[in-house]
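Chain nomenclature is as follows: A, B, C and D, assigned in order of appearance, with residue numbering initiated at 1 for each chain independently.
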Amino acid sequence: MKVIVDLCVVPLGVGVSVSSYIATCEKLLKEAGLKTTLHAYGTNIEGDWDTVFAAIKRCHEAVHEQGAPRITTNIKLGTRTDREQTMADKVASVEAKL
Amino acid sequence: MKVIVDLCVVPLGVGVSVSSYIATCEKLLKEAGLKTTLHAYGTNIEGDWDTVFAAIKRCHEAVHEQGAPRITTNIKLGTRTDREQTMADKVASVEAKL
Amino acid sequence: MKVIVDLCVVPLGVGVSVSSYIATCEKLLKEAGLKTTLHAYGTNIEGDWDTVFAAIKRCHEAVHEQGAPRITTNIKLGTRTDREQTMADKVASVEAKL
Amino acid sequence: MKVIVDLCVVPLGVGVSVSSYIATCEKLLKEAGLKTTLHAYGTNIEGDWDTVFAAIKRCHEAVHEQGAPRITTNIKLGTRTDREQTMADKVASVEAKL
């Protein structure tokens, strides 16, 4: 099952600067071979359900290992059976109407 | 790795009444042996990471089979390595301060 | 416009224990006369759009005053024009199908 | 109070194609003078709290007027008192560590 995800990982207990933890996640998502796009409040990810969620689990493990005792993460995820759709398709579909 | 999740599954393309799809998810989460609490905008879930995410995947599969061509889901998830914490602990901790 | 909201306020830069900040928000929501239900990953709120969002703004202001230099909040919000629906209705509608 | 928001509006009861409703929101956000960046699972917005939330309210009103009887929206929002930070700063901060 193909999934499009928006991932926002928030480490707690490490102060207000969290970009080094986000960078760790970005690297892990890339290593998993996933297509990603970073934005100002998360990362868009496109891939197979199992690959995506295995990578998200590794993000939590790695951010804990990097020193964060607590993590709260927000995920939006979309699946559809009516047709194939990529992240680029979704953006293009809105832009075509602007 | 233990996780506390808040799950909100939204089927699209099936009209405005979505409770029968949510009920399907509730049953699947229970069948997976997970502790859950339904609220007005989602379901709190407590359990092992792999068990929880396998159940969420089954929810998507089942809601598609039930007729929804598209699903958008929102998940909040928390993990911590500093101490054990249950869903009940989280609520009690806030209520103790009220 | 009536709105049903799920609010999850996460203060950053104050360590891993955040329940005292959540308690501050709960008090402000109550003071605003809003109907609320606390759960393990947020608070359900029911009320008029302007009243609800004015209260959420006061939550951010108060959590900053209480010492949090940074806050990340997640809000789910629902509006509908087809019929009236309360938080209790939403839960009852799912439970009726279980 | 300055806020950075990630907005994801989901109209229900209008089938599976929702991009025309998202386009309506994009136009309203632009008309409000807000800085926005569209991505595959929402729109990043930067601006003054009151301006941003007034525009989000207009989005709900306009999407209902466009024909959607029900809307569920997800908002992530961040405020900070320790320093100024733009959407571009947030992305640059992560990219500098990659």
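What we mean here is this: a contact is a pair of C-beta atoms (placed from the backbone, for glycine too) under 8 Å apart; a residue touches a chain by one contact, two chains touch by 3 or more.
Keep in mind it's a predicted model, so treat the numbers as computed, not measured.
Counting C-beta pairs in contact, the pair that comes out ahead of the other among A-C and B-C is B-C. Spacing of subunit B relative to subunit C, judged by their CA centroids, is 18 angstrom. One finds 25 Å separating the Cα centroids of subunit A and subunit C. Counting only residues that touch two or more partner chains, subunit C has 13, 16, 69-70, 72, 74, 76, 78, 80, 82. Taken as a contact graph, the chains are fully connected, with every chain touching every other chain. On subunit A, the positions that touch subunit B within their shared complex are 1, 13, 49-50, 53, 57, 60-61, 64, 69-82.
The residues of subunit C lying in touch with subunit B in their complex are 4-6, 8, 16, 19-20, 22-23, 26-27, 37-42, 44, 46, 74, 76, 78, 80, 82, 87-88, 90-91, 93-98. Residues 10, 12-13, 15-16, 18, 69-70, 72, 74 of subunit D are the ones touching subunit B in the complex.
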